[in-house]
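Chain IDs A, B, C, D and E follow the sequence of writing; residue 1 opens each chain.
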Amino acid sequence: WAADTIKVGILHSLSGTMAISETTLKDAMLMMIDDLNKQGGLLGKQVEPVVVDPASNWPLFAEKARELLEKDKVDVMFGCWTSVSRKSVLPVVEDLNGLLFYPVQYEGEESSRNVFYTGAAPNQQAIPAVDYLMNDLGVKRWVLAGTDYVYPRTTNKILEQYLIDKGVAPADIMVNYTPFGHADWQTIVSDVKKFGSAGKKTAVVSTINGDANVPFYKELANQGIKANDIPVVAFSVGEEELAGIDTKPLVGHLAAWNYFMSEDSPANAAFIKKWHAFTKDTKRVTNDPMEAHFIGFNMWVQAVRQAGTTDVDAVRQAMYGQKVANLTGGVSEMMPNHHITKPVLIGEIQPDGQFATVWQTEGLVAGDAWSDFIPESKKLNADWTYPWVCGNCEKPKFAPLAGM
Amino acid sequence: MLTCTDVHLHYGASHTLRGVGLKAEKGRVTCLMGRNGVGKTSLLGAVMGMHPVSGGAITWEGDDITRLPTHQRARRGIAYVPQGREIFPRLTVRENLETGFACLPRALRHLPDEIFDLFPVLRDMLHRRGGDLSGGQQQQLAIARALVTKPRLLVLDEPTEGIQPSIIKDIERVIRLLGSRGDMAILLVEQYFEFARDLADDYAVMDRGEIVMAGAAVAMEEAEVRKHLTV
Amino acid sequence: MGPITRRLIALESKRGWAVLLAVFAFAAVAVPLLNVLLPPDHALHVPTYMVQLLGKFLCYAMLALALDLIWGFAGVLSLGHGAFFALGGYAMGMYMMRQIGERGVYGNADLPDFMVFLNWGELPWYWWGFDSFWFAALMAVAVPGLLAFVFGWLAFRSRITGVYLSIITQAMTYALMLAFFRNEMGFGGNNGLTDFKDILGYSLSADGTKIGLYVATVIALTLAYLVSRFIVGSRLGRILLAVRDAESRVRFIGHSVTGAKLFAFTVSAMIAGVAGALYVPQVGIINPSEFSPAQSIEVAIWAAVGGRGTLFGPILGALSVNGAKSFFTGAAPEVWLFFLGGLFVVVTLFLPKGLVGLASAARRLKRPTLPVTKEEPRNA
Amino acid sequence: MSRILAALGVLVALMFAPLAPAHADDAAFAAAVAGLDQKSFPKRAEAVATLGTLGHARTETVLRALADGTLFARKEDRQVVIGRLSGDAYSLSDAATGAPAGSAPSGELAKIIANNQMRGQIQDILGRFLLFSTDAEDRIRAADQVLSNPDASAVAQVRNALKTENEPAVRQRLERALAAALLSGGGTTEERLAAVQTLGNTNEPALRGLIQRTAANDADDAVRAAATSALAAIDRRLVFLDMGQNLVFGLSLGSVLLLAAIGLAITFGVMGVINMAHGEMIMLGAYTTFVVQQAFRAYLPPDLFGLYLVVAVPMAFVVAGAVGVAMERSVIRFLYGRPLETLLATWGISLMLQQAIRSSFGATNREVANPAWMSGAMDFLGLTLTTNRIVIIIFAAAVVLALAAFLRWSAMGLNMRAVTQNRSMAAAMGIPTGRVDALTFGLGSGIAGVAGVALSQVSNVSPSLGQGYIVDSFMVVVFGGVGSLWGTVVGAMSLGIVNKFLEPYSGAVLAKILVLVIIILFIQKRPRGLFALRGRFVE
Amino acid sequence: MREAHGSILYLDGVSVSFDGFKALNSLSLIIEPGELRTIIGPNGAGKTTMMDVITGKTRPDVGAVLYDGEVDLTKQSEERIAIMGIGRKFQKPTVFENLTVFENLELALAGERRTFAVLFAQLSGTQRDRIAEILATIRLTARAGEKAGTLSHGQKQWLEIGMLLAQDPRLMLLDEPVAGMTDAETEQTAELLVGIAKERSVIVVEHDMEFVRTLASKVTVLHEGSVLAEGSLAHVQADERVIEVYLGR
């Protein structure tokens, strides 16, 4: 089918609870596609975005993915935020051999032939952050606070194991889970305060998700927990989330990401400029998942150019080793396990709602699909290079694909 | 004076009032009689504006009120004692009475003593909720509530239903008194023939949505009327 | 011909049966044929994803039908019907999880993946038996039914009515949602159950399986419809209506309000459970959000849009609301809520009896009264 | 390590002169200032420590600038300067000397960022300066600073400070600080025993921790024994304190629930409209707060900013109320007596309102700041009471009382109740039902809007804000008993308190589930809610 | 207890109070099988409350309520009481407004009450005839197929009486059955009741003295929750206290 455009499906919730986070990603995708078209498009064709709204409803994600692939015949999809939405889309893309670029940090323990994970795996975010707290801030006591779902559970499990391996006593680890959208943090914050008063330097590792962060930080501020008493390092709080909070009382609390808007690099400056021009709003912030889409999209474009086609199998093969300048000044590379290399940055919240990088890894870290801290998963292998097509196994699983 | 001319009323497809004409003059008690389901309540409802009429005109004190909303009619001095009492169940007796203040100027907003003279139980039960009263007590409350508004037209739909004989006698006295004062028109629907006959200055008999007999009570032929009341 | 058979036939008028059969034939036979026989570029070709989409909508329709049985006829507005649906879904999901066997990412035949990476030692007891399809199928009906029975028995016995009932059913589904979110529960937490491979040995990604599931849904919906018709057409159905109007009066003529409601509630929950069980293989995921109160409220919305108390209306409502949602989220992703919200307002203001109100308004001109009662006076 | 260094430095400095010395080595100071401009954070931290030890007159200025983020390195010559924003550019002064250094746009400056660790250092250094401040507040803060980070090195200073201190409140703090510092090492056995005595009657978790460590680790048996019994005494008191704390938390959660539900108690409880758009009325209130706040920021001087809430409350009432009236007049009034349809229509309206807000304000959270008078916490009998929560409790009480008075005593209140109980009969009594309906609905919506103002202070402001409250609100109104305002109040408070008493034992998730189960079971006993309307008129 | 034996209804020392207000005050009353009893008394005397107690709607604070000389009605649910054969017409007519007149009667009709049984129950020929007969009696044959909600007030009263007839109870309680009826209808109703009372027990509450006279039964006067006078109508009408509180001068 000689379609006269190349279609890119954008599968991000524009309504419902996840719209808060995902709408921005849709805008970012539109911006990049627009940009590409201005530069002459791809393979001599214009790129056409196809936007749908899966409305924060997981089965609807699957439905929309199927619609994009079967009805709109998109060549690639960029989308999803929550793990469950990705899990919901997964069988669809595998069934129809589609391509999905997933831009958000997640719990790992997944590897699919049809998904490229451009967000951080736990080893690209959580572990380095804990290292930083332990080594640089001398933290001895740990609160692992998270929303009760799979990403925090998995991450905390990995961290717990990691901390214990590092000699932290179990009594010095407090794990706490809260429901989605938890709004009343009085008890928990006061518990943290108590836990932190045992005389050892204490930190909170927060995998608290979405909306619940605003009341959490407000409560922290009001109960007077300062960053230099008990720092909180968050894995799900970025610039976009901070935009909804008064950050003055929160200065010094931390976040671990692979990108901060405050990064001082020409590429980033250019990206922010474009973003402000595109959204016609100089106050709009950029954030880590946007960068992930930026990397993912550019990699895909390069791979398509290299393959000379948007055919999924060909593009997939061309993806491996694809290198793209990321926005923090380095060059990210696509690994055969469908994860990319990224720098890990620790930033502190500033009064202006930005993060200031206070620590970063020496080089780039490659994402692990299978965590080394989970016994069952340690032995698993993820390598999708032709012809040894194997995503979650110890030995090859798929036969070489026809026509390749 | 209240005049209804050629009033028609439909419930969905069923034609319930078919060209009713009726007058009620101040200083007189007009009694409306008829079997169950002939449309008496419907006619009173039309006068009150509870249900829109599909034809005809209703005038009160010279003004056409056919299209006025119900509360405007109340404010023009028409008070209603509905069939089935329609007490506000969760308001206290006092509050039930005070709902009548809505159509009074601020200065007149107090409960007249006569009401309690007429219905002494109400005085004892001022703080009980309307819905807790016994059937007859509620009926008394409904009448009292209408009187609070100081009406110039009092519309009563079977006001004696469920009331004990001694109080019926009192009500009869009051209606007669109010009727004879000359400043109030009274339109009364009543099944209880003797009560109606004793009170009425004028009468009208309905059958199947039409007025079949009407006139001054003195000229009423009892046997004829009774025929219309029997099946 | 026994009396029951006669009553079955009398469920619908001749025309009713004709319409029902026509719709059934179209849905169960024509749609799959249009999918299989016609080439993809043919104008009348029904693409597979469309068949699957329809299948999903029909599951919703069945859920709306279930709600109508209890809400439309007994006046019990359950805002927790999503729970029964989800429980049915989980039962089927558990079966399909067990079917994955060694094909899971960790290759562990004894434990589902999510248990492996959260270090579960062994399969919890409540997962036992779900290797068998029939056991799972039984559970998909029995668990919602039992929950409804116990819950209903408590509630109806205590004479909880109206909004109070609605709210405690909501509390029930909300509590279940929170509970299922908990990873300790052993149902996969927020991610729920996913990554199904096959059902009864047929691969879920095969077109044949998809069509098979779709046809199964059509049949199940039809049966559920007939069962519901039978109930509402019976004297019990009249009692339910009477309960809706004046519950205590029913007691004074000696009918058991608790019994009638409980029966309808339980049957309704079982239908919802079946709907859930058919839903999961078709959408490929079951997760606690199906328990969310908003989801259950939406079911009531479907029923209301279609026309409450008509059985057919809620089916229509579920299909059209979901169809509209599906269409608008693709066609107008940025503003579709205006359309959907507007649709709800317009329907309420201009179609007080819902979508079927349109049809029956036209029909009423010919048929004066309710089908069940129009015979009686004549014979009397 | 660097911290101790810093502390030592301060100590040295203070021994020579209680107030910062005027003639320290300017050159060394300048070098240390220059040392702040380095890439490595540990190196910067060292520079901060050095600044502390030097005790230069400008130490405080430079460190404050660093903490406030006004310390820059000029990109062209790496000179460390303090910048003050004037217009688009910064006017600069040399950090080491204070001499004016021209001005530069922000692009030419690199901000020198302090990290957590440095901020801690700075606080310690500056904090101890404050022990000798002339302002009693400052001295208390400084004492608390020592108290929260007790350290043997502070002993001498605190003693010094105690010598001149007359203010009893400050003295008490200082004594505790001294005791804490002594226990942290350095005190003699007697001193430590006395210190345990002093701290034995406090309840602060930090001090409890200290005593606990003393009980476990102190070299002296007697001290350990004293600490152990002091610890037991503290724990006994803490049991009560915990209960008190839970109660306050519960009341505060209850107030939030109450505020969320109170508007619904009108639209649903009194009018019987199943108002699914109730949450969106709250949301409108919250967005109104946001808009008012932005207006204050843009057009009014900063010192008036704290008053924005006072303006937001009536504004939110008007905005949400007006939307409510519009809703009632255009849709709901056609649906009285048909609760099912109101459910459907208001759900539709709620979807549209959400989308309208999303389209005009964007999908992301909006920032609503607590004004200064609503931030922070205070200590009350050992309980930490956060100000915003206390304000909300009081606010909720005020709203309820005002509303109750209105419903009970105003003619309008009576009319409202009459209309909702029997619409046609109310009309026949001369009550303009249409107007009353519109105003009632407007009132309920307006109150929901006012609740939105309060909720914006504790929670996030986003288009789906309302969705988060709708389930809880209905739960509260129904649990309390539909139609009873007091029921709503008691319902909200009891759910809040039960939740907060369960949470410490069961965790937040289970607590929530348990509360739901309790509601279900409780309704079995009282099928018409806590404050059920009784009487023969209820079936 | 000996007195209770052989009676169809036996009330002894029944008291009911609402928030301190005594609606029934140690009320005692015995109804024999086949007896027609009229109860009169001022508004608020407790007549309706007494029926509420008998039918299980209100539970008495103290006192015995025995049916058939042995069944303690205060321990029974409303359904059980109805199934045991006590039927009631309410003071304010309550019919199932969304069911047709015919269906209202069908549900009331004596017979199957178990949930599963009613699912499969069907009207037999005799049952249909019975309903037709009742429809004729209450003069609603023409409206049998219409929703009961569209009836006029008086017609609903009739339908209630019809439902009571259909229920075929052993003890009938009628609360103001002729309120809102014309004089002629009142007479017919009286005849109907007298006829019915030949086979079963009937308790009628009324304020219409004409009607009470036609019934020609024993009359009990209730006042402030207990019995004030009892006897023939003539007897109670002559009682000074009854004239004072009830009849008026």
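The rule we apply is simple: a contact is a pair of C-beta atoms (placed from the backbone, for glycine too) under 8 Å apart; a residue touches a chain by one contact, two chains touch by 3 or more.
No experiment lies behind these values; they were computed from the predicted model shown.
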Graph separation of chain A and chain C (steps between touching chains) = 1
Any chain that touches chain E and chain D = B, C
Both-way neighbours, i.e. chains that touch chain D and touch chain A = C
Could you tell me which chain lies farthest from chain C when each chain's centre is the average position of its Cα atoms?
-> B
Between chain A and chain B, what is the gap in Å from one C-alpha centre to the other?
-> 75
Dist(centroid_CA(chain B), centroid_CA(chain D)) in Å evaluates to 62
Calculate how many whole Å lie between the centre of chain C and the centre of chain E, each centre taken as the average of the chain's C-alpha atoms.
-> 44
Which residues of chain C are in contact with two or more other chains?
-> 178, 181-182, 248, 334, 337
Can you list the chain D residues in contact with two or more other chains?
-> 354-355, 467, 509, 512, 535-536
On chain B, where are the residues touching two or more other chains?
-> 132
Show which residues of chain C lie in contact with chain A when the two form their complex.
-> 47-49, 52-53, 56, 105-108, 113-114, 116-119, 178, 181-183, 188-192, 194-196, 204-205, 283-285, 287, 289, 325-326, 329-330, 333-334, 336-337
Name, in rising order, each residue of chain C that touches chain D in their complex.
-> 77, 154-155, 158-161, 163-164, 166-168, 170-172, 174-175, 178-179, 181-182, 247-248, 293-294, 297, 300-301, 304-305, 308, 334-335, 337-338, 340-345, 347-349, 352
Chain C-touching residues of chain D, taken from the complex the two chains share | 274, 276, 331, 334-335, 338, 340-345, 347-352, 354-356, 359, 467, 471, 474-475, 478-479, 482, 509-510, 512-513, 516-517, 519-520, 523-525, 527-529, 539
Which residues of chain A touch chain D in the complex?
-> 14-17, 19-24, 136-137, 148, 176-179, 181-184, 186-188, 190-191, 193-194, 197-199, 211, 213-215, 218-219, 221-224, 227-229, 231, 240-241, 243-246, 248-249, 251-252, 254, 348, 350-351, 353, 356, 358-359
Residue positions on chain E within touch of chain B in the complex are 18, 21, 41-45, 47-49, 91-92, 139, 150-155, 157-158, 176, 179-185, 207-209, 245-249
